[in-house]
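Lettered A, B, C, D, E and F in written order, each chain numbered from 1.
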Amino acid sequence: MDVKAEDFFFGGLKPGNTTNKLGSSVNLVNVDKIAGLNTLGISLARIDFAPFGLNPPHTHPRATEILTVIEGELYVGFVTSNLKGGGNKLFTKLLKKGDVFVFPQGLIHFQFNKGHTNTVAIAGLSSQNPGAITIANAVFGSKPPISDDVLAKAFQVDKKTVDWLQAQFWMDNNK
Amino acid sequence: MDVKAEDFFFGGLKPGNTTNKLGSSVNLVNVDKIAGLNTLGISLARIDFAPFGLNPPHTHPRATEILTVIEGELYVGFVTSNLKGGGNKLFTKLLKKGDVFVFPQGLIHFQFNKGHTNTVAIAGLSSQNPGAITIANAVFGSKPPISDDVLAKAFQVDKKTVDWLQAQFWMDNNK
Amino acid sequence: MDVKAEDFFFGGLKPGNTTNKLGSSVNLVNVDKIAGLNTLGISLARIDFAPFGLNPPHTHPRATEILTVIEGELYVGFVTSNLKGGGNKLFTKLLKKGDVFVFPQGLIHFQFNKGHTNTVAIAGLSSQNPGAITIANAVFGSKPPISDDVLAKAFQVDKKTVDWLQAQFWMDNNK
Amino acid sequence: MDVKAEDFFFGGLKPGNTTNKLGSSVNLVNVDKIAGLNTLGISLARIDFAPFGLNPPHTHPRATEILTVIEGELYVGFVTSNLKGGGNKLFTKLLKKGDVFVFPQGLIHFQFNKGHTNTVAIAGLSSQNPGAITIANAVFGSKPPISDDVLAKAFQVDKKTVDWLQAQFWMDNNK
Amino acid sequence: MDVKAEDFFFGGLKPGNTTNKLGSSVNLVNVDKIAGLNTLGISLARIDFAPFGLNPPHTHPRATEILTVIEGELYVGFVTSNLKGGGNKLFTKLLKKGDVFVFPQGLIHFQFNKGHTNTVAIAGLSSQNPGAITIANAVFGSKPPISDDVLAKAFQVDKKTVDWLQAQFWMDNNK
Amino acid sequence: MDVKAEDFFFGGLKPGNTTNKLGSSVNLVNVDKIAGLNTLGISLARIDFAPFGLNPPHTHPRATEILTVIEGELYVGFVTSNLKGGGNKLFTKLLKKGDVFVFPQGLIHFQFNKGHTNTVAIAGLSSQNPGAITIANAVFGSKPPISDDVLAKAFQVDKKTVDWLQAQFWMDNNK
């Protein structure tokens, strides 16, 4: 085969457009963008946050994430899974420039810019194709919608609330 | 070491108690219950459903699940992850006795008994410690609670609604 | 690609036909039957036993098996590998409905219905393509046959006995 | 820790004693003999054969084997697993000095010296603890013995023959 | 166990001290610095370069690296392994801010700041303990030294040159 | 598919031609030579040494190697990676016939015949495609050459020396 340097290169980890509802933008460099990552088990992302921008609760079904803040500050957290004797614990930290935080594989986590300036983070992910599931979008914005019987019971709200939520526009901040 | 047959045995995959808000009960046999499963990468669960019982949207952070119905019927579904050109697709199926369905690793899925009789399912999971994250519980029932700023923005509701949700009792149907 | 719910579904884990020499029938749902299992590392089987039916000594070259009895009773066992200071230990257990047992990867194991009623078991296996090697069939029923010099020496019998065994019909209870 | 060269060294892959019923001897260098192999996923064996010596049908539950003959000749074979449309195929080859053969993970295989001179082989195995199951020994020589009901049915012989076989001495050629 | 947020946090990915012979500094956040990375298969590094600073040819024995430039420019390259029909190919690229490059597992690679300003890069590595082997240091600076017979022959220089090289101070830019 | 015994066979692990500058020859049997090795994670090599022959410092980017001497003697060594408190330790051993040594994944190692007779070794490697990087060749013999700015700084020599080295013929002893 005719392998070349470009097969291991991506030229576009530029500042993301955060002019959206969430005020954040994720730019993931996975095997779709660098063919040479195939079978190598890693990818990289840049995440931009406007002031008060949020990367909403989400999971990566096939990867652990390790993130560092390179500009601004970032309030981050993840929730542990169900456990006898008390799961669903929330672990949070306010990260300053140069701080590093780990989000273990498959756990629900979020990143929130509580400050008045932009924040930029770089993250490594332990899969060439980590995937991302934005919880609110997958639950209330799937196509077709999940039965409101299911969601009303699961979220302890009435069906009207579910129907209203399902009628919203669920923005995906992953490009 | 003094290995014996009991290290590979568990005696309790009995009908679960479904007299609860969700009308379901999951009994997972993982490495905590059978020590001999260590490093072997598999576990097994029995899931019981009362009429209209629900195993609410959840993920297994470290496992794929393959399920078969051994009594009754079961409406099941999972939602794909974010994807360019359209992710968050819902795939559903009404399973009858003897039908089999796969929930790929880390994806949000649910199981719902739409019928008037009990349903029982057996599932294999591809990890000795698959973990389970009940989405509503992890999001609205974590300890301490996730900031309502984060959840209001993520779920497109006002903070009051978030606070009300966080004040509910979030039942865990996993024993 | 045009993925759909059917790619994660199999409709045929029905009671097996046990009217055969062994009085048992294995119905394995692997990646050949559910394409969506590809790369996901798990499969599921239903095993039916007539009274005194036997799933004869066999191995899965690429999987651990975890089994539960959903109807009847089942006498199960596996043999450990060669070990200094004493390998080839037999571990057995009489499983009742709801009991669970693990057969570690690659070890020789069997399941025997000692009772007068039918028995049904469901098993999870830690590979999308676990494979199955029925020991007697592979040893005495291979095509072409293994040299009777080899088998006579290995099994400490004369060649005539080997030849007689190789002339038998070796039934495969895996569909 | 105080790691040293000896942790990666084993000094005893010497000619094995083949003065036994099988006329063969396996000397496996696994993690028990070289502690430094831990987590590294490989081991090595020397196998000696007297004239007409046999390494009888066996499996490695956790490894593929790749073997080369360094002295003499060796008749080798393995049997494939059950398959729709015809499994249990025997693949054999007469190996001369310098020939290489692969025995895929978990499959039943044997090595037989058909010649009048000694044969020596070296094999690599894809696990630091591959394990070995000598089929005849595990089936007829386990402690305690497998029920003769099970073995009589599985091997299509009467119980007397099973009992006779179980009364034999089953030699283990693995040191 | 008493897990807490700090187990997933590291507070020190600060600008490195590049006042050294190589003009570079690597700060790796692996499982030694974040205990919560255990079994999760990923780590993160910040690499600082003074003008004309060099991260000299090295390998990671257990990881692929994916790197992005967050300040300045960086000339990077890796050499492929031996291959029939021509291995040892050099692939290089001049990376600008926001560019991403992949160094496949175990291959020799380097990063060089050809410019007059500082350069900063962030890299993800596909192991919680990737390891680093600085080629010149391992070859000429090992303790005890490698026999000069070996090195003279391997590097096609006389033993005096080897001895002179072995007498130098080999600086390790990894903290 | 039409699998046959030949897919698991290679007929050419013959004595290598050591009439070359290094006095050694490596004959690796990987998945390119035995198609049946695919996905099985192992390969095998024969290494021949003339008197004073050298297998020069090299790494396998994707494999651990376990080696045994079957003829002659062999002086072997590997260098550990960078470590706080002292890495780059050299571990060596003079192997006699029947001795075994392990070279952990990705570490720089060499094998040198210090004696007046031929030496032959057989090695197992933990990958069907382990790769090999001859350090001197990859560093000084790459095509195109690595910038002499980079190599002069890394190896603490002047550019003239680098240029002279790069002008040499770098022989590859791997067939």
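Keep this in mind: contacts are C-beta pairs under 8 Å (C-beta built on N, C-alpha and C of every residue); 3 or more make two chains touch, one makes a residue touch a chain.
Keep in mind that what you see is a predicted model, and the values were worked out from it rather than measured.
Repeating the C-D interface with over half of its contact pairs identical by residue number, the matching pair from A-B, B-C or A-E is A-B.
Once the centre of each chain is set as its mean CA position, chain B and chain E turn out to be 43 Å apart.
Between the CA-based centres of chain A and chain D the separation comes to 50 Å, rounded to the whole angstrom. Mean C-alpha position of chain E lies 22 Å from that of chain F. Multi-chain contact residues of chain F, defined as those touching 2 or more other chains: 104-105. Chain-to-chain contact here is organised cyclically: the chains close a single ring, every chain touching exactly two others. The chains touch one another in a closed ring; read from chain A in the direction of chain B, their sequence is A, B, C, D, F, E.
By the touch criterion given at the top, residues 3-5, 8-14, 29, 34, 36-37, 40-44, 46, 63-68, 70, 78, 80, 89, 91-93, 98-105, 122-126 of chain C touch chain B in their complex. Of all residues in chain C, only 22, 54, 56-57, 59-62, 75, 77, 79, 81-82, 84, 86-90, 104-108, 110, 112, 131-147, 149-151, 153-157, 165, 168, 170, 172, 174-175 touch chain D in the complex they form.
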